[in-house]
Amino acid sequence: MERARYLEDYEIGESRETYGRTITETDFVVHAGHTGDFFPHHMDKEFMAKSEFGGRIAHGTMIFAIGVGLTATEINPLAFSYGYDRLRFVRPVLIGDTIRTRVTAARKEDDPKRPNSGKLFEKVEVLNQRDEVVLVCEHIYIVEKKEVMA
Amino acid sequence: MERARYLEDYEIGESRETYGRTITETDFVVHAGHTGDFFPHHMDKEFMAKSEFGGRIAHGTMIFAIGVGLTATEINPLAFSYGYDRLRFVRPVLIGDTIRTRVTAARKEDDPKRPNSGKLFEKVEVLNQRDEVVLVCEHIYIVEKKEVMA
Amino acid sequence: MERARYLEDYEIGESRETYGRTITETDFVVHAGHTGDFFPHHMDKEFMAKSEFGGRIAHGTMIFAIGVGLTATEINPLAFSYGYDRLRFVRPVLIGDTIRTRVTAARKEDDPKRPNSGKLFEKVEVLNQRDEVVLVCEHIYIVEKKEVMA
Amino acid sequence: MERARYLEDYEIGESRETYGRTITETDFVVHAGHTGDFFPHHMDKEFMAKSEFGGRIAHGTMIFAIGVGLTATEINPLAFSYGYDRLRFVRPVLIGDTIRTRVTAARKEDDPKRPNSGKLFEKVEVLNQRDEVVLVCEHIYIVEKKEVMA
Amino acid sequence: MERARYLEDYEIGESRETYGRTITETDFVVHAGHTGDFFPHHMDKEFMAKSEFGGRIAHGTMIFAIGVGLTATEINPLAFSYGYDRLRFVRPVLIGDTIRTRVTAARKEDDPKRPNSGKLFEKVEVLNQRDEVVLVCEHIYIVEKKEVMA
Amino acid sequence: MERARYLEDYEIGESRETYGRTITETDFVVHAGHTGDFFPHHMDKEFMAKSEFGGRIAHGTMIFAIGVGLTATEINPLAFSYGYDRLRFVRPVLIGDTIRTRVTAARKEDDPKRPNSGKLFEKVEVLNQRDEVVLVCEHIYIVEKKEVMA
């Protein structure tokens, strides 16, 4: 559950995929109640039946939070999360869709402010049961280096 | 609650601030249960008492989801959310902190793929009770134009 | 758990009291999320610290719903709930207060629309740990009569 | 989000309607857990399939709490909620029904105990997707007067 | 709601049955979030559609906790819960099944460590809507004796 | 996250320990709402302040469910959970205690009904922040054998 990995230990291109999780009507209601966003796009079946989507669509913040949460299985004590770039809501998620997350080590960069660490950029893709990408973003992970340049 | 605004109706520099909301231990537990991320940084009081933070720190995804949720008071039927850029977790949020969100219209851009609309970039800042920024990101909002160039 | 009682079986003045239940910060957060009412009176510790109440105060609808819920221990298959009169929020409930409910059979009335039943008016009082009434209302209960006038 | 309105600013007959919200099985389970009322009318699908309603029916306190919660979009700092009269459960709400709330300024009255304020009585109607009233009550709102009689 | 019963007051063979409660998809999501067990057996509709069960199956710990919770209607101030023996998950519970619990006084035993009390063993059976046992266990209840041997 | 292990792969005496998790007032409220057990031992601060425990004590079913949930980090596709023996509530858990679970492979047994599998008995101990055992039970795990006797 804890696995120490230095920046050098991540191989560009390595990838892992999480379990699947069905997004239920319950998740819609919980997320609305958790965030206070009760917009009819997420909560009004009648209103959305007439929309182009044919039904209520998930909050973007929920798919992001659950998509990231699915990856929280292993702690790297040598790293911490710095932020996310280019978060995009590519396709709507409807009640009953099943999502999973694929994380791929995309590239590394030095971190001018932290000489003992570097940035690992991870491509995060949330997929549905038809293997379509529904959300994509880039995670910026600050990871300690094994060997620090003099 | 619904207010139609064209891209031209947004003035660069205009700003709004939400109500405050105290982030409670309950929110920590709800977010862990909602996302499945039970990492000890968020859930283990004993472990975190010894850390540099002195206590459990909020999930970044929670401050993002609640921070954005606080702004969900008015629907613009001429716009939709495209994504977020440069999401950064600037300071930790601890149990009992009170956050609010400030949204500022930052800049506009044409959208090559959508001639009838444009992009409004909104600076989103989540602040705590000491007026410190705890999270920042840029929201990309696709908004219809009133006048479309021939 | 089920106890059949005719209108005649209720004695005016008879009274019962429920267990106590401490109203927690969790209940505040759950009720806000359940109803969508995130007003700062219930959710913003900083804002309310400066108020006359000294802290966040419970939603009136929550004290009503939980106060009534506490009484839900026994079903009378000969009766149903018609409504409530004179619901008043007498005193604020703060986080950590412990409430219980006292129900007293107050008076009976014929029901012109239902000759086989009558109305039992129950005085419902929600009390706190200092035995102060915090909420009061009158419950109208339609109960079958044992003996129907010819 | 905050709008100061004196008693004189409310026009008798003025009306507003909220967004719609679909009442889900999740709401039933959350309300039972929140209030402790697990009566089979709300929780036992098999038992209720044989009833006149054909299925589980919502707690009256839930439709009241959510119906009122839907209206919580704007704060009037010159007013506070005093209580409710004539709360009636007119029609059952089943899982999947979509409700919204209409609030109409019905009448005003002087408040003998508060010479600087008066009572605004608002008719609160909760409607379903067939525009049928499912719950009705009268909200008593104490609002400051602009001009106080000498 | 409180009923004092000595060990001698329990008759071997006496039995009680609770109300029914439909186990909903919401309960699955709540239990996963409450315990942190998001295994696909409980959460992934697609994965389980291909399994021998044909759908998601309930956590064993949930059926135990809710099955026991259904019996919590009456407090015996002369007794406390010591533990459970032979807890077995006999049949899967699927979303939409309706369970109820039957408790039968099975046998009594002296408690060497507590001369003033004895052990009451209660057979706890959780049944579904087809009257099939889905979970069984033996509850050990320490109950005061009315007459203590010299 | 998935790791196939045959019965032979488990070594008697091998042990693993989970992360810690602080049991919060929120967990008490969630468990009461999830199971319907609102007994004052868990919910009434005033009542329990006068008790021998000095405060509200956790539901035994909650410590069992969360204690087991903490171990749900790895799936063995060759095994399934059969039940639990000798579940004992050894010490009370109060709000703010931090628990973790230790699982130890205790002994193996043939399963007369399943020649291709055997029983692995795991000792499950839930510990608090003072390393005291608060709950103990024996988990019965049916695991496939690598080599089946002819």
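A few notes on this one:
A, B, C, D, E and F label the chains in the order they appear, each numbered from 1.
Here is the rule we use: contacts are C-beta pairs under 8 Å (C-beta built on N, C-alpha and C of every residue); 3 or more make two chains touch, one makes a residue touch a chain.
Computed from a prediction, not measured in an experiment: that's the story for all the values here.
Identification of common neighbours of subunit A and subunit D yields B, C, E, F.
The minimal number of chain-to-chain contact steps leading from subunit B to subunit C is 1. After Cα superposition, the angle needed to carry subunit A onto subunit F is 180 degrees, rounded to a multiple of 5.
The two sequence copies subunit D and subunit F touch through a face in which the numbers common to both exceed half of the numbers used overall. If you average the CA atoms of subunit B and of subunit E, the two centres end up 44 Å from each other.
Separation between the centroids of subunit E and subunit F, computed from CA atoms only, is 16 Å. For this pair, subunit D with subunit E, the centres built from the Cα atoms lie 38 Å apart. Residue numbers of subunit F whose C-beta contacts span two or more other chains: 19, 21, 25-27, 30, 33-34, 36, 38-40. The touch graph of the protein chains shown is complete.
Listing the residues of subunit A that touch subunit D in their complex gives 25-26, 28-30, 33, 38-40, 43-47, 56. Note for the complex: subunit F touches subunit A at residues 1, 18-19, 73. The part of subunit B that touches subunit A in the complex is made up of residues 21, 27, 30-31, 34-40, 59-62, 64-66, 68-70, 72, 75, 81-89.
Of all residues in subunit B, only 30, 32-34, 36, 38 touch subunit E in the complex they form. Of all residues in subunit F, only 19-22, 24-27, 30, 96, 98, 129 touch subunit B in the complex they form.
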